[in-house]
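The structure's right below; bear with me while I get my questions together.
Chain naming follows the written order as A, B, C, D and E, and within any one chain the residues start at number 1.
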């Protein structure tokens, strides 16, 4: 373009639109809770994005410092209120590592079954809400909730409450499962793949979804590792890091299951990796139901600690227990000074740390994409703000 | 993975600094911490490329920050590093430039415990609002106790 | 082919629509006030005190273990005293603040005298938050028959244990 | 017998006029007859809108394995009534920062085009409110002004989200108006007149335009652009709930919001009515009375729109524009060419020729957009 | 029928009065956006006049082109240039009184000229409908039609070049 007139046109580009400062604020239909993003827009393009948190901050960690070890357990349900049992699992592991309590065989199997059922719930609800952010008028969410109800009814029979289960105890689980538990889990495991096929038929090859989600919010491998991203978001970027396979905590070493890995690291990969992970969880559940032995569900020391919590002696020292929660690596760093209360109780929340890369993924994208990128990271504000 | 003693020897020989081992974790003086951190991350022998969690703790007479390091490349277990600083002028060099995952967690430690991380790109309170006074997670942080009257 | 995924999506929703007229199973709505889902045996909402014969002779001996163990500290007990000032094995006041209780069920586990159990009532709305949610002793007391009606198995286990203890 | 049912509404109007004629002067009778038509339209519009909302909620409800509203009235039939009462009684909040004139003007001017448009739609055999010689052109002229009024509403509420919604609305409507007009032109070319009645008469018997090759493509084009023009899913960007809260009608509540809501559903009804008039043979149909045919076809089209709403996610702004400029517009031009050829040539040759032109052009557009189209992916597993 | 005639003429004059008021408001109102909206009302008013004169095609084209397309562009321009706050145009014209003198003079001259000239009003021949207009465009005036479309094409390409360079 060598014509002079257009030369000076470029310098003073008269067509730039006015910078728009929008705060996608705490009251916004799709921030999955009270989370605020101060976004600077040029037209529809995002130039800068600053997350603002703390609206749901209850100072969970200070609270736990004057609770007994057992009394902290019901509070862990409230961290990531979609997967209460995964939080219980991680906290119970950390305390057992600190206090050196063994867990009987049957309890290990029950814990794995409960954790994998929670993973199913978390992933279908996420897929539903991600589609809701994309604009599908509640249909995927209600299909997901139809399946979730079956699982929540099962939880109510076993643990007593649908979402706030408080089922794990140090050294096992609170109560044995009802007799028809194995039958119901087997029925869910047989029927769930059919539901997943129907959901995939509705969504996975839908051209509008493909064009909306592919190459949007790309998370490169190096940045993902450096920013400490864990869980399906990391695996969607191509790194097969799954704590169930790395640490082989509890009895995950005995189960044969695969870890799906994406390669582009965009919103579509994060969506589809979660669907494949659900299918893998079903494999684990299948093997766990077939091999579950009989026997006691809580060790002698555990039962005694549950009945009389004062008698639980946790020696001085610190321990860091971590598990593969549906959202990523959920770790508990506990320091005990020998008294009946934790001296320091720190939660390494996956949603909180996965948010570090939100700005890097959103720069240059459109407003509509910012919402689905946030949705694909899958944050729950109970865990982010603690 | 190499044992704690080997890592201690390697760091001591390389940086000539006194390190002690305290129940399976390295106690490193805070001056040399950024160099040791980048050494642990870049050295192919260790390649601790994943900083899992940064925790601040208040031990009455000093503040301590605990780092849990993992290696995703070599899939090996946690290397626990503790750094101590005194209570009032709590200063620790930040490692955000080395591990980006420390960004939010160091801001949280600053907000709740008042540990100042120099070198942190954007050290603001992350949970509390700007005008908040005090650091809740400190043991001497006392709020007025609204006891319920029955 | 480009447009196929979109058509398959349409096929799924219209299939759900038509089949919903044939198989009632597909419609998951429960018309709440008329139809109700039967709660399971272990469902727990708020704690209640169980008594054997009359409401003022509770099984509870005011040992205050549940008050100590309750995570949100919503139970407060004052021990009864006879005229001479000697403490009795009876609570004078036993208040649970239902608005603070987070129905975790720990009080039921730690109670050595099987006197506090989790009820299944959840329609407990009230107009006034402070007074009406502070359940006093007489509002908490529920008979053993009521308890065995809502939780048959646990009631049977508790009966055998108590008989064994009496022998 | 059938004819009487067919002309039942005209007869009813005639009866009213005969009752009144002895009392009133002659010129007053003309006014009265016009007045009757206007009143029926103004009552028919909102009532259809109310029951369209109910139809949509029950239809999508059943798609989502639930019942849909069934509390007020037997099958929820009084639900629109209760919505109406709620809309009336809700407080009408005008934001303090809003520009009162534009904020007040928005809903009024949005409702006028959607009511005016009813005057050119032939509801049945000689049941057309006003047989303008420029029927279709009047429809598009009035419909195109709604862009301006939506922007007035967006600008008036002085809220960043509604401004974004307003910008999107204007961009979307302007870029979908051209393919919409062009997808109608083949039918006008064949019929030779703008008047809707002439178009319906040209589709005598069962020669609906949709059975001709160019008619099929024109029908699909016109239906898709109609959905976009009316801001319904998957093109409902101006009021993308999940991103910009409620787009241009974020700051409206109470009766003003009801007007927007009513305008949206009436536009949906009028666009589907026009699609039936031009491509599905309006009220032409074998035995049933004419107006019954017309309403059946229109409601089938509206339920397709609702079916879209229950299934599809929303498109992004640039994809929306790409779809219009790269996909629909070239197809509309080629469709025009095919229709011209179809008219010019005799029977066996014209169908074959226009059919192959259209298939070739669809394939060409598909290949041209290959680079932009998303690709399917396969996923590896670690720890095999 | 005279009353009917009377009603029609009053409606006609009422429409004209409406146009005048809208035009006056469009010029005088301070808020830029309001004047754009009043401009739209004046254009619709003119379309109504065409309807009164049974020139339906011209009326439809008037609404379609002016209000549908050109007004949208004007509103876009208003939105792009003015601040979000209140797009008021700063008018600093102290003594407004003096302007009425030349205004009145020019008005008087115009009105008197209009009233004096003998407009030969031919009664309306067959209404100008789309068919005759189309035929004329395609037969007699096909050359100017093509040239105009060429000009529009050039303008279109020019706009794309400017927007694209950003």
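Keep this in mind: a residue touches a chain if its C-beta (ideal position, glycine included) is under 8 Å from a C-beta of that chain, and two chains touch if they have at least 3 such contacts.
The structure displayed is predicted, hence computed values, not measured ones.
Colleague: Trace the shortest sequence of touching chains from chain A to chain D and report its length in steps.
Modeller: Counted as steps through touching chains, the separation is 1.
Colleague: To get from chain D to chain E along touching chains, fewest steps?
Modeller: Shortest path length, in steps: 1.
Colleague: Computing the C-alpha centre of each chain, which chain sits at the greatest distance from chain B?
Modeller: Result for max centroid distance from chain B is chain E.
Colleague: Give the chain pair that accounts for the most C-beta pairs in contact.
Modeller: Counting C-beta pairs in contact for each chain pair, the top pair is A-D.
Colleague: Would you mind pulling out the distance in Å between where the CA atoms of chain B average out and where those of chain E do?
Modeller: 72
Colleague: How many Å are there between the centre of chain A and the centre of chain C, using C-alpha atoms for each centre?
Modeller: 29
Colleague: Just the number, please: Cα centre separation of chain A and chain E in whole Å.
Modeller: The separation of the two C-alpha centroids amounts to 61 Å.
Colleague: In whole angstrom, what separates the CA-based centres of chain B and chain C?
Modeller: Spacing between the chain centres: roughly 44 Å.
Colleague: When you check chain E against every other chain, which residues touch at least two of them?
Modeller: Residue numbers touching two or more other chains: 84.
Colleague: List, in ascending order, every residue of chain A touching at least 2 other chains.
Modeller: In chain A, the residues touching two or more other chains are 139, 146, 202, 205-210.
Colleague: Touching at least two other chains at once: which residues of chain C meet that condition?
Modeller: Only 2, 6, 9, 12-13, 28 qualify.
Colleague: In the complex, go through chain A and note every residue touching chain D.
Modeller: Answer in residue numbers: 20-22, 28-30, 41, 43-44, 131-139, 142-143, 146, 202, 205-212, 214, 240, 242, 245, 257-264, 268-269, 272-273, 276, 366-369, 371.
Colleague: Considering the complex alone, what residue numbers of chain E touch chain D?
Modeller: Residues of chain E touching chain D: 1, 3-4, 31, 33-34, 37, 40, 44, 56-57, 60-64, 67-69, 71-72, 75-76, 79, 84, 86, 127, 129-131.
Colleague: Given the complex with chain B, which residues does chain A contribute to the contact?
Modeller: Spelled out, the residues of chain A in touch with chain B are 53-54, 57, 59, 61-62, 223, 225-229, 239, 241, 246-247, 317-318, 320, 322, 329, 331, 333, 335, 343-344, 346, 348, 352-353, 355-357, 385.
Colleague: Where on chain C does chain A make contact in their complex?
Modeller: Within the complex, chain C contacts chain A at residues 2-6, 8-9, 11-13, 28, 37, 39-44, 68-71, 102-106, 109-110, 112, 118.
Colleague: Under the stated contact criterion, what part of chain D meets chain A in this complex?
Modeller: So the residues of chain D touching chain A come out as 60, 63-66, 160-161, 163-164, 167, 233-234, 236-237, 240-245, 309-319, 372-377, 379-384.
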